[in-house]
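The structures considered in this document are given below.
Consider the two complexes below, in which subunit A is the common component and subunit B and subunit C are the respective partners.
Now for the complex of A and B:
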């Protein structure tokens, strides 16, 4: 997988063809129709899709960083996300610390677990076939799953969020839960911070150099093993923070890790492997597609009296439909320069 | 005073041994060339010095300014004052000229000011925000040398800096080597297939053949001994 690079927006990567223009116009008309028929529900779904998409981005960012820099397809990344959610329960309910503490304690703990895994297992498989790394991290994911079951049990859990995040804000056509807005705020801050770290600091410069040519980066004096540890910590910590936000809003269960790791892979593939900007666009696109498509089809079905348009469960299919369509049109993803596992 | 001492180095790859007891001494402030045909082991020697993962050095020692390089992690070697301009330039293609040079400066204790390096390479200064991938072969070579030079090294290893370049660029590279040697007192070990370049810039020449040093000659002798050049270098 040499040559996978962490890159940001490449303006030449996304020219708009006439076909894409027509598709965009049709989508716009459908969305405008849904908004006109059910404005309140539309905004609800729009915000829900944004929150869901941004949490997908948080998981996908770490996955993309680890894949880009270390060349490892980290299947344990979903387990970091789940661990973040369960540790939220631990910190809030068992240890009795305030909710705000989870935003710092949980990512740090998950990041440290990530370091143990990177130093204990993954550093020995960097030069091996990527399949070895995939299998090793799959094994680690199973171990974390079972450890979680042993510690917190198999039943879903939930936590109580602070009063200030419990209420809603009215915006005319509907109300939005403060917790959702808080999730958006935290996610955006983290995404911008990661962008600035990678693009605007000397540390990020050395990481980008390591992604482009690991050996040459070492020849100019970059301590690549240290970069690996730090980036693995950051990737795991961001996934853990995603788990905090998801767990605080909707609770935690043992399936959330596997569910989100599959979706995060979809986000990375659709965005283009190695492209952080692509992961952000793709995560929000998939989140919105998941939440808005059922509403768009339902309103269209009601307007046209064609019951078949109201497809049950279409939301859960949307990430994969989006991936199929994007890969048919752009096999390297929206902003990718290398094919997946090319 | 010997700055770089390669002593009895045997090294190779999974496919087989390439170096069979290579001995090279480079004195401080010298420009020394390492000549030989394709496959003689020149690049393998350079890679062994800078601690690349491959080749695997099986025996011998490599000492730089009193430091055992074989016991030093490769990313710490630039801090000792030894940098490399590798074969094929290997600029970081998606990074700008300025970022490439900054990388060379960021990981040593006493780098040169960026302005000083751009003064030496005015052609790079004019397009410092351009990604390396948009540069010509000659410009990339200058960038690779600038990235190495900004670390303010005692010694630079240059691996085939003139490979595939137009004659006027080759002359520019020759003048750069002379400048960094004479004005900045940087010691140079130059690997070349182009004997004319080695004759123009180097003081002494090691000739490598099938993984063994077969001759150490002065510039005068290399220029005059046609039999030697024919036998080992094919020119």
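Now for the complex of A and C:
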């Protein structure tokens, strides 16, 4: 399949070699050691990595949908994410609506902006060289960045979350902020909803049919342009929702779009271009690698007294190290189709 | 030499005191240049952008005062350094070779300041910087670069003893670039000299980082009683916000290195009250200078903080040095500033009863360094300008500055 799809794990696709088995065991031992030495911190970082990873998934999901479905490398997708965060500020602080309203209002607004961009620009480049689509979306991203700066200013902003999400929940070895658990919950709901929409509905079936053979689908009466518009709306709205969650927890700034679009591309490549399931696994993998690797190395350094093991700034490198390793071992990505990148 | 193209040049120089120092002789009608073109280098975009307008405001106020006092016309030009040393070097090059500036001041990031200072000195352009890294007046010192802001060491030594009294063990979070790295090393050693311990350190990405989750996790799970936030600008604001969201500001003592009120003004007063300690060159509750603070508020349309003051000092001192020297030539301005004690300038009204002197051996302005703390929320005021913090300790500059031998600068 050329487009989006959710593949299940199959032993032929991912055979476990002795080398992979040893690698898995070493990783397990290292993680177990880190947990034994610093259990509270381990759980904190585990949850931090999960939240970070799921936000990455929300951005990468839309990116993957649009790439798989429309064949457009949408560089403006990070700007949708940033727009979601700034609209959260607008809805909460400027308009004074409750936080819960942002979860619906913001994705809809971002999705509508996505439709305007799709109808106004992208529909004209679907059949062109992919480079044209990439340049067009890059230009759109710059315009959204500058519009954001003009409307909300260049300084980072933050919002106040509802009191019910402010406190923490104790889980024995540590406490976890409710806002973080809420982010996990919303992300999981969205991922499941997207899966059900694409795999279990007639609408999803017709979208997949259009991706496989657009001409035949249109011949049997499927309105493909309408479906593409709807999927673009969904992709942009999910990125906007990711911006809401991120903005509510950590605030918003002008660099967040560019920062996340690069990482989202890494997630899509690692997961396998066109595979939503791959994006989910890859996002969580990269999130956890970013948060847990520094802890694993630090505890190893403490146990062995080898200071050099505690590598400063290793967390920020992990998405790219993971990508390098995955592409060396499996150029198509974890769940990508054979031949796409090899 | 490129600099000083538009300046008159004579050999009048500064008035020498008997011990070799110079004092201000700035009086109307002195034989200095008729025109001066000064480049203000600051981040007008990016994570430090709010700092840029503060430098402009301070420079504009100094320009007004200098033009009223001297028979000189001053042109100020802004150059956006972002937080990028390469961009900054391109800007200073253009400013000098194309726009013809005579002198320069500004810079926030130490890496940017080093880049500007190096090029400026190679081309004979006087430059007064606001970067705080020790290297700028240490191993990377430059013949025509001077520093108006207290160095990392001055601030660390000022706050070291209060930190040790505040908490026994500290976790140091520092931004992983030259300013953060050097500050972290100095604060760590100063803490140990004062009997406290360092429970852990973490290098955080930046400037421009807004997510401190995993580092705050480390702090929360350490044995530290306090956390030192060696994080600049708006990054520090984000870190403070996240510290508050986790409730750690109630459990830990919090120190913000190179404290600037502007960082906290973007948060609410409850968040601002987390500041237990913070060393700084100036805040608006330092006694004196009410007229200056009022002018910043009215003309800059913002609340006064250290950067307007430092920009005022930089512009004032650069121009006065040129007037004393009769030239904006790098060598002449250097001679006029080295060893010069500020005694007859509006700067003395802004910080009365303080000794301010340009040290010849490393070009550091030796000046009082303050340690501040948050006021109780009920005592924080917003009118006529925000006054949320107060000075808890002031140390004379020569008590906390490195000795000339320690600096590694070989002037």
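The working rule: the second predicted complex is superposed on the first by the 325 of 342 C-alpha atoms of A that agree within 3 Å, B and C clash if a C-alpha of one lies under 4 Å from a C-alpha of the other, contacts with A are read in each partner's own complex, and residues count from 1 in each chain.
Simple rule for what comes next: a contact is a pair of C-beta atoms (placed from the backbone, for glycine too) under 8 Å apart; a residue touches a chain by one contact, two chains touch by 3 or more.
All of these numbers come straight from a predicted model, not from anything done at the bench.
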item	value
Combined model on subunit A: subunit C and subunit B, fit or clash	fit
Subunit B versus subunit C as contact partner of A:158, first or second or both or neither	second
Touched partner set for A:88, first subunit B, second subunit C, both or neither	neither
Subunit B versus subunit C as contact partner of A:250, first or second or both or neither	second
Partner chain(s) touched by A:41 [first = subunit B, second = subunit C, both, neither]	second
Contacts of A:177 with subunit B and subunit C, given as first, second, both or neither	second
Winner by number of subunit A residues touched, once subunit B and subunit C are compared	C
Three-chain overlay, closest Cα atoms of subunit B and subunit C, distance in Å	41
Shared subunit A contacts, counted only where both subunit B and subunit C touch the same residue	none
Residues of subunit B touching subunit A in the complex	50, 52-53, 73-79, 83-84, 86, 90, 92-95, 99, 102-104, 106-108, 147-148, 151
Subunit C - residues contacting subunit A, complex	45-47, 49-50, 176, 203, 205, 208, 210-211, 213-214, 217-218, 220-221, 234, 237-238, 241-242, 245-247, 266-267
Parts of subunit A lying in touch with subunit B, wherever the complex brings them together	5, 7, 127, 202, 205-206, 208-209, 212-213, 215-224
Contact set on subunit A toward subunit C in their complex	38, 40-41, 44-45, 48, 51-52, 154-156, 158, 166, 168, 174, 177, 179, 249-251, 253, 255-256, 290-291, 294, 312-313, 315-316
